[in-house]
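Both of the next two complexes hold chain A, though its partner changes from chain B to chain C.
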Partner chain A sequence: MSPDLLLDPQLKYWVLLPISFVMVLVGILRANVTQLMSGGPKLTPFKKFREQSFLGRVGAFRANNSVLTEQEFQQRQEYFIATLNTDHFYSEPISEDDKPANPFTDPSTNDAMMNMMKGNLMNYIPQTLIMGWINYFFAGFVIMKLPFPLTDSFKQMLQNGVATPDLNVRYVSSISWYFVNLLGLRPIYTILLQDSSAVDALMQQQSQTQQVPTIGGPGGPKVDKVYKAEAENLQVVDHKSIFDGIVERVLEAN
Partner chain B sequence: MSKETIYYGPNADENKKKLSKVQDVTSLALGVGAGILAPEPVYGFLFYVIGYTVSNIAFYITCCEGLQGRAGQFYKSPVKEIFVDNLLHNIPEYIMMWCLVYALVK
Partner chain C sequence: MTLLKTKLLKIAKSGVFQDFTPQQLSETREEILSLGTDGLTTVEVYTLLELQFYISLLTNHDVEAKACLDRLVDQFDTEKSQRIKLLQSLYLEAVAGDEKKATDILCRDPDEMNLSRRLTSFSRKRANGSESFINNLIFYLDLNPSDLKSWGELGSQYSKVGNYEKSVYCYKEILLREPFAYNIFYLVGLEYYHWFLQADLNNNNKDKKDKVLEAVELLSQARNHFLRSIEISESYKKGWEGVYAVSNVKEFNDRIGGKWGQVKEVKKFLADGDKLRELSKSKIESI
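Coming up: the complex of A and B.
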């Protein structure tokens, strides 16, 4: 057992605590800025939505047409087929060329890319700044003794900049305290922010896993094809009303 | 016919959140304790595992009414979710507090 190194007690007040304090504050700041930049939920343009909901209406009619009488069914079927064959509910005029649209000209894709870039910036800028700050102010000396021993392979990382090659690995430099904080501050954020989804996002950013934005691929089927297919489906719907022969059935049941 | 419990998503999430909050605070507090007691490294981690499990047992009994066998109403697989899932997840917090307090009181 090697004798203990005497560390200046002032180190903990002027290095250890400030680093933790700054990291907590930066984390909170980052969570708030991320929230401000993310904005509200995106709205679907109303024409697009109308297109979808008309299809939904046709689907509901196909599923539930047995509650209608023969005449009502005929009327609705005619109306739906006629409307499906016009372009009344299309969200945008159908272009003739069959080329799929370039996904990078689509504004929603650009938005997704933009969000990813913002997230990455919010991730890298504070981390780089804090690491630079620590390396600039607190480089080259030992600030603390870890309560547990580590193998020598950690020496490279944890004693970076300390010019004593034979020092016990338990004595570490400020940058390792930064790493310990980086991993361990999650519950502090949880308690301070009271919103675990923001905290999860924060920790996810810190762990450097990048989420791939959802880039709209080269489109699903064109809307006119979908509508035509739906009209054909509607043509062959076999209508059987629940009112057919209802009198006989009721009398039989009694 | 076996009865299957259906969990309402937001409620289940809320339960999990509560559990993880308790576990967060527990591991922080255990870290402070370990820093003050300054145990040998092996006992330090043992201290964490034992203290963590004791607090989980307390949670299981008081909050989940586990003795009446009702923990299954709050968690899908209560034993796994309460005792095992976050054990490794919370170690960094414990180590951080341990290091900090150890350095402060030394």
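Coming up: the complex of A and C.
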């Protein structure tokens, strides 16, 4: 058992609290700036929407055609197959050449990349600054002693930046305190921001698991192929009406 | 407090307040006013404000509606939000009575589907109301083929002008999306029943066999749909009443029973009708 270190009580007021305080403030600031910088959700262009919407209608028909009678089923099946084979609902004319479009000239892709870059910047700049600040002023500080015992495996987590292999694990270094704050401030943000979705976004940014934006890569199926495939699916749909024998079912159940 | 909040948020989300009775509306309004904003998140506060706006419009509290609208407009960008534009246009139509301005707000961006739908509904008021409304709805549904609200609206419009076949088609479109919507099954049954009455009324040659079979077919379709609605929800009283009504068309039953009673379809129909009449009668009495 190593003897106790004597920690200057002033460390608490001039190192421990300021680091926590700055971390909280920067977190809130960042949440607000991120919100300002991210534009609102974009609407899908109505032609594209129409294309999808019709496909949705066909899908619903394929899944739930049991609510139709035989005659209605036939009528709709014919209509859908005929319509799927025309270009009535295509959002844009289909070009004949098979060359896939360059995804980087697509404005929606650019938007997604821009958003990702903004998010990354908002993440890295403040983190670099705070870490630089701590390393500059408080490098190698041991700033507090935890009031409870811990096993030795916590050493790496709590004593980052102090090169003392035999120091009791209960002592925490300044840079480790920074990391603990970085990952553990969620309850404080939840109280201060009162908006759980913003907190989620903030914590997700901090844990550095960035979502990869969906970039419409080449080779996405063209709409005419999708429609043709759907029409072929419809040819083989099996129909069984719920109205067959419904009288007997009800009479039996009651 | 939390329960009240959850209830109000549910009302706001489901839009069920549109079918409220005046008394329910005024009760809901009192509840919103009594709730206050303590302990609500920002999103919840503005959702409730939107609800308050709708309800004050419905209960003729114009000043209050204006206050809600102003608070929402202050908070959100009116150029970017469809929802706010919708509210503004509603207010202009309902209180200021300025239809031109109300439609202008809706016309700005063709991508805003919700606004296009509302734009469609304006033609209802024109001189040849139903017809142009139906045309507009068809146009809108061509743009957005999976909009259930509009299919429902188109169905009820067709029903109004007596085109029951098309009306059934529209309601079926809803059922394809929501196969357990028992109230829609009831509506379809009702349309078939009306269709049957219409066909029977216009039928000059009541003794032809194919006409009789057609009528029997319509009536059994109506019966099947009513039965499906009670199969999904057993305590749905309207559904049972429908079953009772279609199995109790006395004059028609006597007529076909007399002459066509031995035809296979008619025979089965009449036999089923007798059983269902008893069953539905006892069910209605017990519910």
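Following the convention adopted for this analysis, the second predicted complex is superposed on the first by the 145 of 254 C-alpha atoms of A that agree within 3 Å, B and C clash if a C-alpha of one lies under 4 Å from a C-alpha of the other, contacts with A are read in each partner's own complex, and residues count from 1 in each chain.
Here is the rule we use: a residue touches a chain if its C-beta (ideal position, glycine included) is under 8 Å from a C-beta of that chain, and two chains touch if they have at least 3 such contacts.
Since we're looking at a predicted model, the values are computed, not measured.
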Once chain A of both complexes is superposed, is A:12 in touch with chain B (first), chain C (second), both, or neither? first
If you stack the two complexes on chain A, which partner ends up touching A:254: first (chain B), second (chain C), both, or neither? second
Using the superposition on chain A described above, determine whether A:20 touches chain B (first), chain C (second), both, or neither. first
Please work out whether A:69 is in contact with chain B alone, chain C alone, both, or neither, and reply first, second, both or neither. second
Which partner does A:46 reach: the first (chain B), the second (chain C), both, or neither? second
Give one of first, second, both or neither to describe whether A:60 is in contact with chain B, with chain C, with both, or with none. second
Is A:144 touching anything from chain B or chain C once the two structures are fitted on A? First, second, both or neither. first
Now for A:242: first (chain B), second (chain C), both, or neither, which partner does it touch? second
Chain B or chain C, by number of chain A residues touched: C
Identify the residues of chain A that lie in both the chain B contact region and the chain C contact region. 196
Chain A-facing residues of chain B, complex: 17, 20-21, 24-25, 27-28, 34-35, 38, 41, 44-45, 90, 92-100, 102-104, 106
What residues of chain A sit close enough to touch chain B in their complex? 7, 12, 16, 20, 143-149, 177, 180-181, 183-188, 190-191, 196
Complex contacts: residues of chain C adjacent to chain A: 41-43, 77, 80-82, 109-113, 116, 142-147, 169, 172-173, 175-177, 179, 221, 223-225, 227-228, 230-231, 272, 275-276, 279, 283
Quick check on the complex: what are the chain A residues that touch chain C? 40, 43-46, 49-50, 53-54, 56-57, 60-61, 64-69, 72, 89, 194-196, 242-243, 246-247, 249-251, 253-254
